[in-house]
Amino acid sequence: MGKAGERLTKGAIHLLLLAWAVVSIFPLVWMLSTSLKEKNEIYTNKSLIPRNALNFGNYVEAWTAGGFSRYTWNSVLYSAVVVTGVVLVSTLAAYGISRLDMAGKKAIYLGMMATLMIPIPGAFISIYIVVSHLGLANTRIGYMLPMVATALPVSIFILKSFFDELSREIEEAAIIDGAASFRIYWSLLLPIARPAIATIVILNTLSVWNEFMLALVLFSETKLMPIQMGLSVFVGQYTTQYELLMAATSLMVLPVILVYIAMQKQFIAGITSGAIKG
Amino acid sequence: MIERRKPGWLSLLVLALILAIAAGCASGQNESASQNNGGSPSPSDRTDSQKKTGEKIVFWHYLNDRHDLLVGMANDFKSQTGIEVDVQLFGGDGFKQKIIASAQTDSLPDLMTYSGGAGDLAKLIETKSVMELGGKMGDTFKKFPESVVKAYSYREGNPFNVKDYGTYAVPMDTNNMQFIYNKDLFAQAGITEPPQTWEQLLQAVDKLNAAGITPFATGIGSWVIGPMAAPYEFAYLGEEKLIRVKEGKEPLIGSGYENVLKIFEDLYKHKAFAEGIATMDLPKAEQMFVNGEVAMIFDGSWAIGVFNQMDPNFQHYDVFMPPKPADAAHEVKITGGIGVPLVVSQKTKHQDAVLKFVDYLVAKEQQQKYAEKSFNLPANMEAAKSEGEMSSALRNFSLGMQHVYESAGIYPSPNVDTAMQKGVQLIVIGQSTPDKVLKQMDEALQKALKEKK
Amino acid sequence: MNPISLPNAPIVKRKSRKLACRRYFNLLYVLPALALFGVFSLFPIVKTVQYSFTDANGINPNFHYVGLANYRSALTDSQWWQAVGNGGVFALLSLIFMNSIALLLSVAVNANIRGNQIYQVVFYIPPILSGIVVGYVWKWIYDPKGILNSFLQGIGLGGYTHAWIGSTDTALYAVAVSSMWQGVGGSFILFLAGLQGIPKEWYEAAEIDGANRLQKLRYITVPSLRSVYTMVNILTILGALGIFNQVYAMTMGGPGYTTEVPALRIYREAFTNSDFGMSSAFSIVFGVMLFILSLIQLKLSRNKE
């Protein structure tokens, strides 16, 4: 494959990426356009172009009407705590399952995976009952603990698959040197597994950010509610305030993107530290 | 040497974890003190005294657009009686599940707007979660039309197996569902009068098509099918037979029910439906109606408020009752009832205060304020506007309350309703027939009857 | 799979006891996970299994045991199997189209092209949106007077316009497209993370040996991604079969049962019919099917190794 072939491939790659980028973004244009429209424009102005292209009033109104400052802070808190918890607990467990000899390992792993498969109608109701019996209803802790718990099966599943793939050469060298398993976990595996961990961080931030039903059922005071509660205010009994809903959704997307960008650095770091000089 | 970048942000997060746990425990202590067993137990009500200052009741609701109104009313109430009402808004579809979950942990609020039908409420009655109100609020109930009160009343022989007879909800507002038509589009097609019979309606459909106007749309993709079929269930079968058929005491096939399904087939054959009807929801149909894309819609009285919100300039519409087919033996009765029922928790510790607040909410003055904001008709008959102030559409909807049916019977399993809904969705795009759907309904009915034994 | 490879141990007995001890000690690694899991996830599962043998309505703590009646009903329910079939269609389409696109994208991005960081962010935007919002957006696109039909008319293919989600022949695929559109981003980052785990030296060594892009792909990338690929496939199948939010927002399973999916049926039984017994039975049947499917996938991938 000569220079021209290389250029062709590069061009094809660019085309593919660009094409999918357009496909990804395009439906959002509707979201954005709706968020910039006036209330009575929504149903009468069918085109994508709002009458006043810089009408950010909806954003302001969505922020204040939805009580978003409080909900956002709550969601940031919940995301940070839950994600930290999930990362710590699931990396430990996935490392153990992937690398260590453990009594009943297979049973434990399969048992956890089985729960991934069973869709429980109203799982949030059952979880709420448990939390209530523990006396933790309407508390932040009572919300965050189950969130960590329910995120574990998927995270462990993903992490174990990644860990399985990683080379064992460094570890075996360290073991011969007499290193304990925990030290291997902390100093060797975690840094190498950064892309995998970054992925878990992103996925879990997303699911915490989008969670609604458990919060609705668990909290009886709106001041503890996460950000999805703010959105639900715009969905009325007979009408939906689309312009506010889309404005709010656009706002909500930003923090998750920020987390994603932060995690991106971990991805690039992974390439360099994947180097294993045998 | 491996970069030690990880511990940097990791320790930050661990710090956040510790902070949050501290915060969580702290707020946990505060919260569990005022645990939601019907509001905070304040010292004053423990001594059972008449002094109401400091008493607080908790009120959950899902009315996004009326939250400020309700908070305002709560403040007025407090200044009059000293009783504080904590108005909490939980919007969206999840309200129903929140009630279910709270019922299971005995933490229902003192007062709530209920989301669900008579059958759903029956389940809460079974678990003794909600309070019977008819006996305690007899005078209040006199303010409402009887048909409305009956919506959540359970008497001997009720189809929900409720043994604790009585009335369990107080109506905040009422509604009913009829046909709405666009006067301008009708005029364009040369139609001068709204149809009075089914045949006239089909003629109107033909004329509209001839004029290039899409005749009709409604939320066929969702729950609207039931309320739209109901008037014709009554027209063809009559109340008694309808109830018996639905309970399985008379056979469904051969009862004449296929005529009800034929209504939808007629509309399909006359090309009455807008495109995409099979999965259309009501809000979409309302949008089309407001934009003049369809000439008729089947909708509820709240549509007036909805249209107002979508386009305040859109006023040229009016209402007509579902028109009776010539071959129907009985009168048409329409779907309607309570828009927002108020329900009280059985376990409330502030019964007097709550009932007082309910009385306050449905008093004439509050009802009038509410009717201006709400999209529904006020339940309190005294609060209904004088004839002169109403638009024709509003008046027709108000009058419609007299034709609301009391009970259309219920099947032993909701699967029969589902079979009908799914079947009608296919009829309206010509992919099924009334006979086929009737058979599917009967299969579901027979299966349900067998399981019930 | 014993990674603790000890050099030849002269004192076998002491070592083997130490090994056994270690086997239990290592359970500490999964202890936090098990604890949380046991407290919060076990109860719902147990409840579901219990409910599946009863006529519980989800509200009343009193209910009766009905033995296998729910299961019998579930297994003979033709609409349920139609729903499962629909889920299967989603899964198949996702596996074929969605994951291929995601894989290609991740390989392309990994090639360190200019601006690849921006691409990464953009590709991840669809998964960030909630299913309901995605439903709204695509409903607008599929509207009979909407943008898709207008586009077709614009390029002269007016004869292909459709009520995309309102017709029985297109509804399922229309929903599938929207679900795949959202799903690409998720598979994409998983593949990307997997690619990042492949040591760069392997590629460098191959280049020294004179391998071109395609050969590198075939002999290094693809084999190394095996376990990641299996994992993504399993997650894709689980996600596709468990689709709910978008169907709920777009079609509610209609027209008729055309877009009915298992999760929708389970939801309807629980919250519309108040039949937690049936709902739970469906859940268990579904879960067992998925579990067996996943086991098969894992077995297949392990055999290839």
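Going in written order, the chains are labelled A, B and C, and every chain counts its residues from 1.
In this text, contacts are C-beta pairs under 8 Å (C-beta built on N, C-alpha and C of every residue); 3 or more make two chains touch, one makes a residue touch a chain.
Worth saying up front: this structure is predicted, and the values here are computed from it rather than measured.
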Item checked: Chain at maximum distance from chain C, centres defined as averaged CA atoms -> B
Notebook entry, point to check: What are the two chains with the most C-beta pairs touching?
Noted result: A-C
Note to self: Can you work out the whole-Å distance between the CA centroids of chain A and chain B?
What the structure shows: 36
Item checked: Computed distance of Cα centres, chain C from chain A, in Å -> 15
Note to self: Could you pull out the residues of chain A that touch at least 2 other chains?
What the structure shows: 122, 125, 129
Margin query: If I count partner chains per residue in chain B, which residues reach a count of at least 2?
Written below: 97, 100, 104
Margin query: Give the residues of chain C touching no fewer than two other chains, as numbers and ranges.
Written below: 58, 145, 271
Notebook entry, point to check: In their complex, what parts of chain B are in touch with chain A?
Noted result: 2-6, 10, 13-14, 16-17, 20-21, 23-25, 27-28, 31-32, 35-36, 58, 60, 62-65, 88-95, 97-98, 100-102, 104-105, 107, 109, 283, 287, 290-291, 302, 305-306, 309-312, 375
Notebook entry, point to check: Inside the complex, what are the residues of chain B that reach chain C?
Noted result: 96-97, 100, 103-104, 119-120, 123-124, 126-127, 221-222, 274-280, 293, 413-415, 418, 422-423, 425-426, 429, 431-432, 447, 451
Next item on the list: Please give the residue numbers of chain C that touch chain B in the complex, ascending.
Entry: 57-61, 69, 73, 143-145, 163, 165-168, 171, 250-257, 268, 271-275
Check: Once bound in the complex, which stretches of chain A touch chain B?
Finding: 39-40, 42-44, 77, 80-81, 83-85, 87, 122, 124-125, 128-129, 132, 135-142, 144, 187-188, 190-191, 194, 212-213, 216-217, 220-222, 224, 229, 231-240, 269, 273
Next item on the list: Spell out the part of chain A that touches chain C in their complex, as residue ranges.
Entry: 1, 6, 9-10, 13-14, 16-17, 20-21, 23-25, 27-28, 30-31, 46, 88-90, 92-93, 95-97, 99-104, 108, 112-123, 125-127, 129-131, 145-146, 148-150, 152-154, 156-158, 161-162, 164-168, 171-172, 175-176, 181, 192-193, 195-196, 198-199, 202-203, 206, 210, 228, 242, 246, 249, 253, 256-257, 260-261, 264, 267, 270-272, 274-276
